[in-house]
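All remarks here apply to the structure that follows.
Chains here go by letter, A, B, C and D, matching the order in which they are written, and residues are numbered from 1 within each.
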Amino acid sequence: MTSEPPPQTRFTAEVVLRWGDMDAYGHVNNVQFHRLLEEARIRAFSEWFHASGGDSMLRSGVLLARQEIEFLEQLTYRPEPVAIEMWVTHLGGASWDMGYEIRDGDALYARAESTLVAFDLAAQRPRSLSRDERSALEALLGEPVAMRRRR
Amino acid sequence: MTSEPPPQTRFTAEVVLRWGDMDAYGHVNNVQFHRLLEEARIRAFSEWFHASGGDSMLRSGVLLARQEIEFLEQLTYRPEPVAIEMWVTHLGGASWDMGYEIRDGDALYARAESTLVAFDLAAQRPRSLSRDERSALEALLGEPVAMRRRR
Amino acid sequence: MTSEPPPQTRFTAEVVLRWGDMDAYGHVNNVQFHRLLEEARIRAFSEWFHASGGDSMLRSGVLLARQEIEFLEQLTYRPEPVAIEMWVTHLGGASWDMGYEIRDGDALYARAESTLVAFDLAAQRPRSLSRDERSALEALLGEPVAMRRRR
Amino acid sequence: MTSEPPPQTRFTAEVVLRWGDMDAYGHVNNVQFHRLLEEARIRAFSEWFHASGGDSMLRSGVLLARQEIEFLEQLTYRPEPVAIEMWVTHLGGASWDMGYEIRDGDALYARAESTLVAFDLAAQRPRSLSRDERSALEALLGEPVAMRRRR
């Protein structure tokens, strides 16, 4: 499955597969796709929120409120990383949505979308995004994820 | 978060947590929710497709085409299982959609929905559901999953 | 592979497998054997250290210092749990060794041994075992693990 | 904890951590150390057995018969890989032992040793190492792993 090149406002994380990501079907397990997305997100955060102190988002806390994924191509282990493109699809006061594409060149293995909530772990409640966090996310605002399998 | 009791047409799998499902935030990691759903599905399949030879669905092959989840409550490890309620939300010729709720009594931790495709692993292509498979799935047809966080 | 029945001083945890524990070879992955042992240990601790407040050991902290395993039989997923027998093979001031056998009836899938250190997570250093903890562990003192593959 | 530089006959795999490797204690979980060792091994095999067709060892089959690990330092997630040094500690007709050190510069997080068995997956029995496989392994023969915590 091929698709057009990603636009400029995306951030790409190279995420390395592990042989152990494969299941008894001999391909990367569906659950492990979410592990790859999590790792891409973590790597993106340390770049995006650099002005706010790098891993401040992770240290203060961020929760996943929603995730949706469409699996397009089977992926098998290889030593080379996959490219996970990320961009922002919606920006709220304490939360944002982000899109992902798991790619290798023209191949598109999966598209996904998450809702993330900035969360004060100590107080155990959502917190407002800071000005630095908002401007980092705004710079990556892009189109909605083109989900095709929702009924 | 509480919600009304599940209707009759649901199938419940008791899925056991592991301490290792928790992440550095001290709660069950978002990725592991998908592992719990996978395990519930596997256990459901061996019941649902009993007439077609028990694990025939798994042996011949079934792929996950889509998954959507809303995380409602944080879950922490305890020795007792969670109850994962499952039902069918759409039935096609070679695929079906199913809903899930991860519960413990009145608590609702997550709701989710999957699209599954009966897949011929040898031929590497979708295959039609058999009559026995269809009638097993039809018996569990129920309401759509009430997703509330889609934009 | 069969072997003699376990002696009286062992504690048994029933640990449930997951389909996702299998790897591309179609059997439970070697790494996941360690996950099963971890889960058995966690369940044992809440029993053993009941007098000291149940999960006190986990909350105050315990680190794994060493682990050794011999894989004897391939294990494939099934809905039934495996039995993990545990006993104590050495008792020190701040640490202890424990043996494990992963079994199903007469079948013995793996034998293993761990060294565990009671650890003060706040101070980040080992701490002495309490009197209650020692007496719980003493009650399970048994023979060394009969490792056969060390060179 | 520091230690002398590794000798020449070692093979180094750079293995990338994932945030999800951490557990509720906020450090890389003991089980995931085995996942890192597995990944290092897989990457080593494709180099070592290049003359025998690259991933021939994996495709024909190789089983882990034994593993021993000593945990020396707690490891926390960071985007940079760890270096896993590997060498051969014993060479048999159908099996070999290999040593590992998980390092980052002078820091030594863990040392480990595995026994691996060349295994014919189709026939489900051990097979002899080929001449190419033996000579690849011989080139990496080195000292035993200096385990210090065995009783």
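Keep this in mind: contacts are C-beta pairs under 8 Å (C-beta built on N, C-alpha and C of every residue); 3 or more make two chains touch, one makes a residue touch a chain.
None of the values given here were measured: they were computed from a predicted structure.
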Interface residue overlap between copies chain A and chain D, same or different (over half shared): same
Between chain D and chain B, distance of the C-alpha-averaged centres to the nearest whole Å: 36
Averaged-CA centre spacing for the pair chain D and chain A, given as whole angstrom: 31
Centroid distance [mean C-alpha coordinates] between chain D and chain C, Å: 23
For chain A, residues that touch 2 or more chains besides their own: 19-20, 29, 31, 35, 38, 77
Topology of the chain contact graph, where touching chains are joined (line, ring, star, complete, other): complete
Touching residues on chain A, where the partner in the complex is chain D: 16, 18-20, 35, 38-39, 42-43, 46, 58, 77, 79
Residue ranges of chain C in contact with chain A within the complex: 19-20, 22-24, 26, 29, 31, 77
Chain B to chain A touching residues, read off their complex: 25, 29-32, 34-35, 38, 61, 63-71, 74, 89-90, 97, 115, 121, 144, 149-151
